[in-house]
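For reference, chains read A, B, C and D in written order, and residue numbers begin at 1 within each chain.
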């Protein structure tokens, strides 16, 4: 694999087209801020300077999606010239010949420190895959997701909107119209019309190179911050074995999960008892798998014994995951902004094990009861099998804290950590005059009705 | 009814025993503060000075509970001499002859401005009745509830613990041991061991008169703040008709809901669109009642159309109410600290109307569809029928905001508003060494298992 | 109301058009036989001679349905000249001016002894209303039902198929092609191709007058026999008070339920402990109605105590009713041919009250517990409120036996009793070559998918 | 393994104690009759002559159960001297040293033609294991089951009742009191008190050797005939591969499933399209097993396409199985006498896939959709994994017909086939005066309440 040591602009003109460069040499990621607004429960994305390093994740094994990824990469390369475009290794080798400019790749363990922004092309599974690249990390870059073919419940944008979508997320928080920038690139921004909101440091440079259509001032991307669960898997002597666990799902190719770079390793070790935690965006599942017998799992809540679950399995789900497996298992549908974690049994051998919702900050422990005897149970996170666990092992789960980090973390003091920031589709021209409404529309109600067929009416011809 | 104009202590000696005095003449209520702590998600009750006006609410039509109320009143009268003991009018006339000291009563509309602390003796229904006395108000006094006979899910204390329970809640936040008080009544309190916590103004007087057993320093009552829903009922021309609505349940005696006193009437009218709102601690229900036909209700979420519910009815529930009617209707169980409101259909004529959980701040509107034709549907709040509604009318619901009031409210600037502060049972001597655990124990898990028979195991002899 | 004493054919030519004649003077009903076949679980309708007395029941208060009823009546009057067309009194007076021939009506209590065949035009509600006319009787005539507007789950035929539908049901069991009849009206029928099946006496006369298009030989209408529940309501002294109970639903006009004619009164009194029983085709419901408190009902199964239901109410449903209220209350969907009765609680205050299915012959008793105190609960049958019941009263329910009567019943020895015989739609020309499949198609699976949206798939654009 | 060719009584005295003889040499089984009675929906067991060959199946790996099996075997050997006592091979070698008389064993494929009566000692799993020995056969001997330790839902008798239980089932249908037999061994039996019931040929010999306490005349064992499902597994070319499928559950030892003896092989091949069928007493399950992705299964009902199930799996259950896995998956509880088969999805990815009940005679086909791609799904019957199935394979299921065989079957003309005849516990002395009630008591309601905690009441101390 050809690598490139100095990915500076001056140098770039000499590198061979279609080369695959080493993403680990790229400048470190730019950490955006997320501002609360009065009119919406969504956050507003604020780039301190334009994002540079974009990871593009197309659905695997879907040739038409690869083609779309090529089109998308070409567009942003030509219109936004300072961007570095990154792919996973396997995708990079497949795609680089189709691209008339160099692209980047690296071991995925460098992504958390390099990637400013992720773009997925595919369905919910692709978004879950994107999130899983950051599943050992507290700070996930914003994810802009395009649905390809059948719509997913998590994906927000249609692919044919990709130019508008990209421009919006790239410019988000620049606070100037593009025409302003071109004329008075260093002028002051107009005053924020929400003066009560917390001050944000707005640099006015970096966006100058973007030419073309103007956007309204103060237009910014809306972010739905999806809460995650931290998951630690402990062996019978109480040692966290997360780092030994490789993805074991066989039908989706993956690279070895590399050792964490030292800079990340030390980070927050002392403060976080679950460290290093896996982070789940949908859920953690323990399941009997192919074992024909019922699984027996002791459930503790904040170290109190709650119950012995005798069941096919048990789910601990985020509100995002409430429309995934938990829904199938009989759980209620929770809006992703409700701060809760759900305990949903899978086929419990009980008439009275109703799904539970606990505060997101609750500590849940699942311990394999001795009664399971020799059985090995499957542990999966977001649909990927991670481990087989046996008697005496336990899984500890806790909602991930979200917000501005208190003490200096790995990426600089006071930066945002926690959650998966998903760029929410804003209404376009064809969407009618929904300006008022759109302020608070996170697409969730639309997805419930359109995709999940929530309360689908009886009767013919509907 | 004899009333008494000046309920000062000096005067009290001359009044006739067994008299019923006018509670509206009592000093205004003392507003406690609620402090967050690091070790628990419960709040800590902080009285700025000792509470004086106590409303005692026994279960109705239950003679043995009335006897317990007498015992309780005698105890606190003799041990805590500055207390004014208040009953609802009907209870007062039944009970005053049994008490060798004067008691107070008044129209219930004075309670919100006079009552420092409520004590209920009964089950969940009695607590709901207590809360309903404050259902038009934003600030509810702390409620100390005793279970009598069968335990309820909301009630925390066993009646035979009443002496300890009272002492704890009365002293809560005084921050001195009682022996300290007796020796050096004006000495400084020991420094707060959570110096980072927000400063609380601690007066050191007022508790001197309480003699007897000492409590540990810094011992305070734990408060579970139960979120409520604000409910407005609107006629076909969009006018809020809450004030015209009287409780209509016939099997529980009630007094006329009096006009609000002027001071409260103006309060916050401008800022609150639902004003005057009913506040529900369990839920709001629309139901077909005796009408044999399905009700048809349009549901809007933040002004977006969500769905047309064709059903027996529809519930909008707090997390507290998730273990009440919503549970029976198939809803999930939510911990009372999860900030959510639940939409749960009652016998929806649909295979795909799953219960929903939305952020507590969501605005939900239920509008009676024209398709109901002439039908009148029942509207109930917390198990009390409040109105019959017809085509075109609507119910607007929103989670009540909770916290320190921003602007000056009715009761003084910056005071706590919102929610129902319930005093949580602390472990006693007989409860074993649960000190560590008890910090975060709100009794909820115990109630699930002990009372709701959550995941009750199969098999004989359990 | 004009009545006519001798509705013989010779006389008919002289009666004034548009007259309303007295249906009680019509010849007694003709009892069809129902033959089991090897290829289908449906029964085959066998008229011993052509049906004469047809009751047409259009949906009420729906003018376009009334017009369709007129068209239908004109068609069968002109093509099938010996028919007597009967309407309920209220419909008759509304419609008779639109019809150029006399029609019949009477008190509904004569219908059970006069009506050969019922035709409904409307939805499920109209079929339920038709069945309710026979709800005190063991033998219900076949019901041919047309859906008007929105399809119902029970209705089988589209109205524009009415000519074919009528011809098929009218000729059913005649076992000759119409051309055969015209040429050799008294010839022997071809041998039954299922010689093992039980012999049926086939008269070859009566169908001669029907001219026109030929049908295939042996073509007969398929009958889905819907099982009913027998329901007895007992006062506190154990006396069956069914006869005193009038329909009390106010929004659907009804005539007084008349005293049974003597001939029916004596019938089967001795053999049937529930006599006179109401018969439910969907379900029996006890419900708290407008009472805000939970209902408390003791449930007995074959005289064993089963459970105390604390709930909004309780349903005892037929398999037919499993897709009605019971479905909304969480019950499973049962095929109408499964011989079961379902006990489904409505919002039970219990985590462990799962819906139950018992053998259809089970005796279920619902007794109002003393704990209900003064409350009156609503009792409804098939969506019509029948009674308010109080403490100590009970409802006894039992699946109706179905088949050939053992001993001589009211209508002649060995005739079929029990159940509601519904004429199932046979596939027409436009339905494709479904001959093989159609043999066993009762339309139920189609209704599940098309109407109830059973397992409606997720995803867009469906 | 020593075998013995001629297990006649004369010879027996010479065989070595503790020997294990060859059960294949035993006389062929005696087929009992099952009589319907007027007072109960249970059947009455009628032995034409005393049963001789008893298979005793203790729970595996449970030493105290093995001890009980020894006690039981000794008792019946000494009191009922003509009995041949058979064990599964593995149990026989473990137990024979503890027994002072020879016992029998053989390949389990001889059991169906040799065993008169099965006795299980264990829980539901042991009964399922007993039934699985006959799962390729249409005629299952009566099963007398004793619960050991925790009660099961299927097991009826407590072990300490074993003497009474055995006597009752052994004598069942002999129609004479034991004292009668001793005095007038060949006297006529008293007339049947249900003369209308079908004649049963009653031989009066064979029971003479049983001495001791007398039973009432006409006392017979009540039989609950549990319906089974016939299951055929077909490869992609439509060939039934049942015979190639071995039990694959690894945690329960088993012997190779031997080739069917020729006599059974030909039997009924022509008439039964599913031959050779597995018979399930609980259910057939297809499940994703350890595969993390959803299974996709097309469901056909009587060859009509019903739905595409996207789910963890799908269950087709008997009414007996309705309280097993189907219950956990959300199915309703069905009484075992309701003739239905249930289709219950396991975690269906759909809001509208409600459990279904179809007539027991329905043909259900489950076909693995192409959309599963390479996935292999698990197929289990009654909790034992039987096969892994892949795209294009299908499972065909049908309720087993039950009753007197029409044509000559393998075991003689007109004998009973189908179902699993379970001996129901009759009330003993200590059970109070429940004579009247007990007539129809199949223990099912008791099991619901006592074991499944059906509608377990809320509140403390229950």
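Note that in this section contacts are C-beta pairs under 8 Å (C-beta built on N, C-alpha and C of every residue); 3 or more make two chains touch, one makes a residue touch a chain.
Small disclaimer: the values here were computed from a predicted structure and weren't measured.
Trainee: Comparing centres built from CA atoms, which chain ends up most distant from subunit A?
Mentor: Using the mean of the C-alpha atoms as each chain's centre, the farthest one from subunit A is C.
Trainee: For copies subunit A and subunit B, work out whether under half or over half of the interface numbers are shared, and give different or same accordingly.
Mentor: same
Trainee: Report the inter-chain centroid distance for subunit B and subunit C in whole angstrom, where each centroid is the mean of the CA atoms.
Mentor: Centres of subunit B and subunit C (C-alpha means) sit 53 Å apart.
Trainee: Averaging only over C-alpha atoms, locate the centres of subunit A and subunit B and give their separation in whole Å.
Mentor: Centre separation, subunit A to subunit B: 40 Å.
Trainee: For subunit A and subunit C, let me know how many angstrom lie between their CA-based centres, rounded off.
Mentor: Once rounded, the distance between the two centres reads 58 Å.
Trainee: Two or more other chains touching the same residue: where does that happen in subunit B?
Mentor: Residues 327, 348-354, 452-454, 456-458 of subunit B each touch two or more of the other chains.
Trainee: Can you name the residues of subunit C that touch subunit A in the complex?
Mentor: 150-151, 351-354, 450-453, 456-460, 462
Trainee: Touching residues of subunit C toward subunit B in the complex: what are they?
Mentor: Going through subunit C, the ones touching subunit B are 249, 251, 289-290, 292-293, 311-312, 325, 327-330, 346-352, 374-375, 378, 380, 383-385, 452-454, 456.
Trainee: Can you check the complex and tell me which residues of subunit C touch subunit D?
Mentor: 41, 301-304, 306-310, 319, 322, 327, 331-335, 337-340, 342, 345, 348-362, 437, 440-441, 445, 448-449, 452-458
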